[in-house]
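This is the structure, below, for whatever I ask next.
Chain nomenclature is as follows: A, B, C and D, assigned in order of appearance, with residue numbering initiated at 1 for each chain independently.
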Amino acid sequence: MMPLTPTLKFDAERDPSFPKQIMARPGGEKLFGCIQCGTCSATCPVSIYMDYTPRQIMALTRAGFKDEVLRSRTIWLCASCYACTVDCPKEIKITDIMYALKRRAIQDGVYPKRFPIPVLAREFFKMVRRRGRVTESELVVRLMLQTNWLGMVKMWRQGLNLIRTGRFSLKPERMRHAEALRPIFAGGEPHLATRTPRHPWEAES
Amino acid sequence: MKFSYFPGCSLKGTGRAYEESLLAVCRALGVEVQELDDWNCCGATAYMAVSEAAGYMMNTRNLALAERDSHELLAPCNACYLSLKKTQHYIAEYPSVAAQATGALAAEKLSYTGKVKVRHPLDVLVNDVGLPAIKKAVKQPLKGFKVAPYYGCQIVRPFAEFDDQQNPVLMDKLFQALGAEVVRYPLKTRCCGGSLTGTIGEVGQRLSFILLNEAQRRGATCVATVCPLCQFNLDSYQAEMSRQWSPVRMPVVYFTQLLGLALGLDEKALGLQRCIVPLPAQEVHA
Amino acid sequence: MESKSNNGWQPKIVAFFCNWCTYTAADLAGVSRMKYAPNIRIIRLMCSGRLDPQFVMAAFAKGADGVLIGGCHPGDCHYVEGNYKTLRRMTLLKRMLKDLGIEEDRCRLEWISASEGDKVKWVVNDMTEKLRALGPLDLPGKHRQWDEEMRELEAEIKRTEQTATTVV
Amino acid sequence: MKQPTNGEARIGFYVCHCGTNIAGVVNVAAVAQYAAQLPGVVVSRDYKYMCSDPGQELIQTDIKEHQLNRVVVASCSPLLHEHTFRTACEKGGLNPFCFQMVNIREHDSWVHEPGDAATEKAKALVRAAVKRVALHTPLEVKRTRIHPDVLVVGGGIAGIQAALTIANGGQNVYLVEREPTIGGHMAKFDKTFPTLDCAACILTPKMSAVASHPNIKLWTYSEVVKVDGFVGNYKVQVRRKPRYVNEELCVGCAKCVDACVYKEEKFEDEFNEGLAKRKPVYLPFPQATPPVVVFDPDACIQLKTGKCKKSCLEACDRNAIIFDQKPETKEIEVGTIILATGFRTFDAARLPQYGFGTLPNVYTSLQIERMVNASGPTDGHIMLKDGRTPKAVGIIHCIGSRDNRTNRWCSRVCCMYSMKLAHLIKQHTGAEVFNFYIDIRAPGKGYEEFYEKLQEEGVHFIRGRVAEVADWPLTKEEEGKLIIRVEDTLAGFVRRIPVDMVVLATGLEPQPDAQDVRRLFNISCSTEGWFLERHPKLAPVSTFTDGIFIAGCCQGPKDIPDTVAQAGAAAGEALSLINAGFIELEPNTSYVIADDCSGCKTCIPLCPYNAISRDEEKKKAVINEAICKGCGVCVAACPSGSIVQNLFTDQEIFSEIEAVLG
């Protein structure tokens, strides 16, 4: 038998403060102006893989369905190409809202832990924290190890190609004085009023 | 003409051919570039997803380094270009970002006033050096080349500062000036998949495949890019794509490499040997 | 808004708006329920060209911290070109105010058309903020102070004269 | 009650609650209490609605009972109700100008938060009005005669309707149209929604009625270049462009067109939206009114070089062609003016993602109107560039509407005309028709029923704003097609729909020269560029300039029924003024106190109306109050202070300044 799940939403499942929190982030201001026209979804190159279309994310965010939004695949699939942002007839900066939702999902610890996209973001974040720069080849290797080590075997041909053309290097690319970035990762200089709180991923690096 | 130069991580890694060809072309056209001292990563799309504050502060540090050198800042990678631009725009637009973004400069005695201008090499070469000067310097016109000009997303979106947002044309004009044929390529600003090719291969590679397939359908003999990630995505997965969807074989080069060829520069100096799908020899020597 | 500074002092703005453009724009701001600082008192004139520079001086003398003049955009005057005459008068007036030590931001001329309700809001808020930063003008207070100094001077002169006569 | 001070003034003060509009923010009781102790105030009341009949009666009774000689009402904007309260004063036996109004709604309660600051502001404004009103003196209203002739600018359906209404009412009308023919956009339409009656069948009889009406002077190919004067007495200059044809002689036989040295039609036909060509001499369309040909000076060899063999001259048996015709300027006097200058359609090329101008078979809606018209460029056949009949057509709504990057507003007609075109396309070709819409707006009489009819006909309605019209196929079926990429927002996923033809439902925008035109007539535009009405509900066809009315799409997008209704309303407003014969003028004019005038002549060049002259005998300035419009520029400039403006005397304004400050 087909399992049946009710989709009725009770108002208590909403977090009415959620849209306001998202709108408080730079770029989120115009969220309430959305007319649900779907231009964002139609112009998005990856919307066809999303569980909610970008338009639906706007509707859910606006209505305060925090859980649905933060646990969605959609926010992670956004490739930041800004097509929706420049096409939106109501000038909603959808890419910025997607970023805000990603950050919130990390903060709340509800992002998909084994989904390669946040894993890449985490590895990227940590690598820059350590060296100030990114070594792409190493980043990909680390990503594969954590999400799909079998996939690495399949990629041997590509790896070989990159080595052949001198584009693959595991020699870490780093700043001379990566410690110069310390104030940044401390959330800004100590005297600042706007210091940002510590990030949940900082402990991992 | 002198610029501060922010290569970004990719131009030191998988995109080193972009740096090689860019520097060679600049030298040939009398554009002086000086690499920013001990620059840091721009944070690309990853940092905005993790920590807004750190992302803005990292870009502000690079901008402040450029202001110290008091030249305009050349940023060839689309992601770097956008990150720097976005930081500048948002500092000007949002007081909260301004307070945050400049919050980690004091230790290095840096300061940011907003006066530094971030430029993409395409903009500089076409608008500052100018097509007449470039035309004059051409040694080997690109006869026989049918180029699909591919701009990628982040160069004109969302900040269309030097070209049209929906239909950019600077590269089209450049290649025509170099004697190449330019195919009408409606996908010129459609996303290549960005980092998705690495994370969720099927999704990202499908986007790249659509781009290459359409270029092939329109009779292009090569695709020209302005971004290291676009070049990587389009160039390096063609075997997988051919296996999964339909055969595709399309050289993908940096616009600076084509420009270099027209200027008569050495293929090796332009990093052309780093293409996984090589530019056919007959074309190179046409 | 930071109303705590200067012991709750609030800047007072007297505004002279022309009937056809700026007064109507202020009506539009109202109809559109735009919120702005309550520091402004609008006086209606038929045309900004009716503005006698003495009105501005009188406003400052009676305790205004700022004076705002609103007229139609150049080329749009209901009375053909009254606003150009205002502009000409303002140039002279501004120079005079400067000589009197009254800061430039305290007297402002703005072209606001009937459809620019949002501009009324912006200008009033902006001007209020700027005046708040400048602090009270208090010309009546200064007048009292000058009068006091003058009286002292007179007394001083009288005393000297008296001394002089005694000597002679 | 205290004894009146401040001279003889006995002031009645009234503050209006306006329901909660004012009372919800301003403490009206406190304001009334405050006013009661101001010098001269003998009655002070607050009341729920002062503009209501009981509110006005309150004033009238008080005037009699308390022997009031001044009245102050604190309520809404004087631009709204000053007239109401002046009339109330007059009915109570008081001169209407012994009244002053305080705006504590638009300028106070609606723009400030509830609390002390708003109430204090109200008190300050009241204080100023009370102080000022004591200085008011009784004034007499002046009257000016209304010239009975009317100028109508623009010969689309709005101008036609307005001109006919006035002419049928027995008044003379000048109808000035910029194009060579009247008819406007409506003349290009095939059918009209929702009734589907033929546009030409209902429009052309009206066009000929205009041409033949004894009370209408029709000037096409003409533009208004100068407007002087004021309500009742406008002097207008009209420039008649040369069409190189004697209008009295030409009968529109078009023999000259046949005889033209250009055997082929080579030049873009504006009337057919670029879908057809015409010759240098042409009749815009068969029913053009007046039926007179026009020469295109940029195309005609004779006009360009003077070296044509002029076969047209020989062909014309009425000798109507005049190659050396010059522009002509006519000067007319009218009492009222109706502007019906219309709109232009959005330029679809501004949105390159929809392929207009780059992809073949992407058309604008107006082009399809021409194509579907039996007398149009394809004889009524809807066809692709290669002559094939389309099997699938996509109509994209909201092109240049509801888009903050182009035009924010809803153009109001596109949903309905798109459905009309969908019906016609389906009827003519049997094609599958897809409508892509954001919201269907069908609020007119019979409009929703039309929508229902279309749904029953099997026209597809997909709720989603199209992202792109693409020519890059992903499947075999898509090859050679235009692919519409859209989210079907009701289904919840993105679709790619291949079609043969795309129709862009372009929106309406203000005419490109709307700003110049409004300056010419001294009226205002809204932020978007539409002509601004005096009040959106209560004075929808009036402007802030008396005697100038607006009708049709120059005021904002609207359909034909609304346009015609507005044109009738504007005509009615003009006729109402003409019928009255005169207009009452605000007595805010200025006069010279001869004893104080030094005769310096400073004021004379300042007056924009030349109302000031110098009495050479007495060496004094004199103001002609019949000409004075009451701007007060001369008052402010008079070095000896010898000019006084009624209702805005120096003393009145100084007292206001002093009182608002405490």
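One rule holds in what follows: a contact is a pair of C-beta atoms (placed from the backbone, for glycine too) under 8 Å apart; a residue touches a chain by one contact, two chains touch by 3 or more.
On a predicted model such as this, the values are computed, not experimentally measured, just so you know.
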Pair sharing more residue contacts (C-beta pairs) when A-D is set against A-B: A-B
Approximate Å spacing (C-alpha centroids) for the pair subunit B, subunit D: 50
Rounded Å distance, subunit A centre to subunit B centre (Cα mean): 23
Centre-of-Cα separation between subunit C and subunit A, whole angstrom: 53
Subunit C, residues touching no fewer than two other chains: none
Per-residue multi-chain contacts in subunit A, two or more chains: none
Multi-chain contact sites of subunit B, meaning residues that touch two or more partners: 166
Pairwise chain contacts under the document criterion: A-B, A-D, B-D, C-D
Residues of subunit B touching subunit D in the complex: 164, 166-167, 184, 186-187, 210, 214, 217
Residue ranges of subunit D in contact with subunit B within the complex: 351-353, 358, 470-472, 474
Complex contacts: residues of subunit C adjacent to subunit D: 10, 12, 14, 19-21, 23-24, 26-27, 29-31, 33-36, 38, 41-47, 49-55, 58-59, 62-64, 75-76, 78-82, 85, 89, 113-116, 121
Residue numbers on subunit A that touch subunit D, as the complex places them: 35-44, 47-48, 53, 55-56, 87, 89-91
In the complex with subunit A, residue positions of subunit B that touch it: 9-10, 12-17, 38-41, 43-54, 57-58, 61, 82, 90, 93-94, 96-97, 99-100, 103-104, 106-108, 153-154, 157-158, 160, 165-166, 189-191, 193-196, 198-201, 203-204, 207, 236-237, 239-240, 273-276
